[in-house]
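Think of it as A, B, C and D in the order they're written, each chain with its own count starting at 1.
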């Protein structure tokens, strides 16, 4: 057992967060976004002092909500029976760079991985994509051998941040990325479960994109900008008409 | 709450229609034609004064039949807790143009969307298609930026009507269309549930068409006209031999 | 009600056969080889006087075993509430040409239909195929417009018989065929349920064949003859080593 | 009944092994890696004197754990009601060549078979693959007609051994192979069930590889060596960081 103690005032919030993160991890399996113990979901406390994340490589039927691992954003482990997911340093870096981000998911869902493995963005071919991601879902550059041999998971997070900065992409408008030769990271500014729902959306959009290529014998062009804008803004922002508002 | 009052004589019919439309919306999920709250089904009263449609963006487990939204064909909302689907103006336009139409479905089913995203008709490659759609399922032209920035959902309906008129397609013989870079709309002249069943048929036919292209390395030709005619008329019209007739 | 009476001595055999055929039809849906009321399975009495087949176009949840339709091999209907499947004349012709055949299935399973729609045989790419079908699964020639406009379902059966005769294919060694631009017919010399199991095998083999083309960018060659022969004879014939024999 | 008697001291171990092998065979069906009675799983006693394997061609609903077949590594059958899987001689040869191997699985899973049927290795396109297989999953050379006509299943094992020897592949680092024009064999140095889990992993990795080819129009390159090494060693060997260690 690690020696770091969670302050008493966090106990209730962390208990609730562990339940949320646990349920969100189970949903990954139910949605068929992962097999075995692949994938991981995390959440964060309101003051962003603690992250809760799935343990590394433990079978789901051996886990309870209480087994979710608590770390701080420097990756120190607090009062946890298990080691956190090996990808935890990627999560913490994304949380630090995005002070409003509430949940992060990493999956190996097949269609999104296919784009990641081919090193390509998922192009915005239509409104299903535009309703959820404003522009292509970017595939980050490959890590260098030095980045891989060093703090690999931390460097994975750095390359994601670099991609969004260099390409001027908004983490809120495009809540997902592909790590090259690896797979997707997806996030939410609402909750861990919302991030999992977005991971299912990403997988569906990726499957549609592959089939769009098939239908057109690899000759499809991306959706027209006016349509992409209309659909994105129909669901997001202050003039959104989709969903229910206070009347 | 909106102020429009449903006249007392409609209460019973609308209660029943809400149940039909609710069950039909649930079927969309069961058939895996949509994920999350995507897609929508509507129905219409016998005198075509009121449409009942799914609310916009509310999770299915929060909905009951009574939460289905009532509008008239001018898109005024009547005594409803929720906003209707954003696509409601496309539905009302199709109902107005087709005085016998009884149910309309919009989905984001993957294989049909692939054709819509590539801007192609679903070709009639065989009898599974011809049993249900007499000729290709047409993909409408792209909306212009002006049409998109204007009354978008209404204009979507107009482009569908234009496509069927210009190409001389019968809404009854071909009960589905693709909206370019978007997805399918499907309808029925029997009931909302029948429209959902036809949406599953469309998705299956679209999947078959993609795989037909794969098998032939994109060299398939469409089914011969005599066969298409025979199969369509075997199931439809006064000389149909498929199914059960009064004996 | 039709006036033809089933002789009393057949009542018990036909009751049992109706149950077998009913269960086999339900299995088509469970195996996902059809949606809705698509597809049909038939069986035959021992003396080959009566065929039992699914009614045409009745929803499964409205059917019981007793609703299966009884005909003779000249397509006369006996004491049945419903019309038989429209494809019944194809079934009766195959039974007449094959005095040992015990069950026939017609499906619209997606991968097999893809080959039928592209007018291609399913090539024997490996042992999964060779274990079950000795050589390619043949795609019959297209019917002529005259054959389509005439006794269409009867002519469909004739074209299958012509294909097996002209290409010198054994109905026992290759228990399936594709009707061009339509879909598969599959049979068994054991039972209606065994024919349904073979229809699932055919669909799986067809899916493998499409993916084999994908993997090789349409450059795969068929399995070597010695391997095909070994696998077929490992499961079939007097020197078979697969399965359980009396010891 | 064969006359070979299992020595009394093995009864308990073999009873337990039969249960493990039975459960692992059922998992093949649950994971959708096989249909019907296809595929087989085996396990081995601690002293490697007895193998337990699925019977050949018996429906799962007729089998209990006790029906699993016991053989020695020379393929003699001991006190078993049924014949073993026809592939048993391939299993025994792999066990003899690998003194630590604990379980072997043969499936006809669709995506892995597609690579086997096209005679291609499954390339390592990304980290999902590298986490589990260190380098490509090799496709063995075709058997010669003489090898096929001779001791076919034994020769299948010999060709697998030849492939791993000639290409200098470690059975522990790459726990799967493809038999050309046939399908995958997968193994584990832990247990029969672990081998089945790896067979599911292989199928998923194969599906990802096919879709990666689709996304890139057959132009994908394999993952960079530094990344493959990092991921493999993150999960395997003495410096592994994945999963839970004694602390």
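Rule of thumb we're sticking to: a contact is a pair of C-beta atoms (placed from the backbone, for glycine too) under 8 Å apart; a residue touches a chain by one contact, two chains touch by 3 or more.
For clarity, every value in this text was computed on a predicted model and none was experimentally measured.
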item	value
Steps in the shortest chain-to-chain touch route ending at chain D and beginning at chain B	2
Chain copies touching (chain C, chain D) - same or different residues, decided at half shared	different
Rotation angle (°) superposing Cα atoms of chain B on chain C, nearest 5	90
Whole-Å gap between the CA centroids of chain A and chain D	33
Chain A and chain C, separation of their C-alpha mean positions in angstrom	47
Where chain B touches two or more other chains at once, by residue number	214
Category of the chain touch graph - line, ring, star, complete, other	ring
Chain pairs that touch, as defined at the top of this document	A-B, A-D, B-C, C-D
Touching residues on chain C, where the partner in the complex is chain B	1, 35-36, 38, 55-58, 82-83, 86, 108, 110-111, 113-118, 120, 142-143, 145, 148-149, 152, 181-183, 210, 213-214, 218
Residues of chain C defined as touching chain D within the complex	125-128, 197, 200-201, 204, 207-209, 211-212, 214-217, 219-220, 223-224, 226-227, 230, 234-235, 241-245, 247
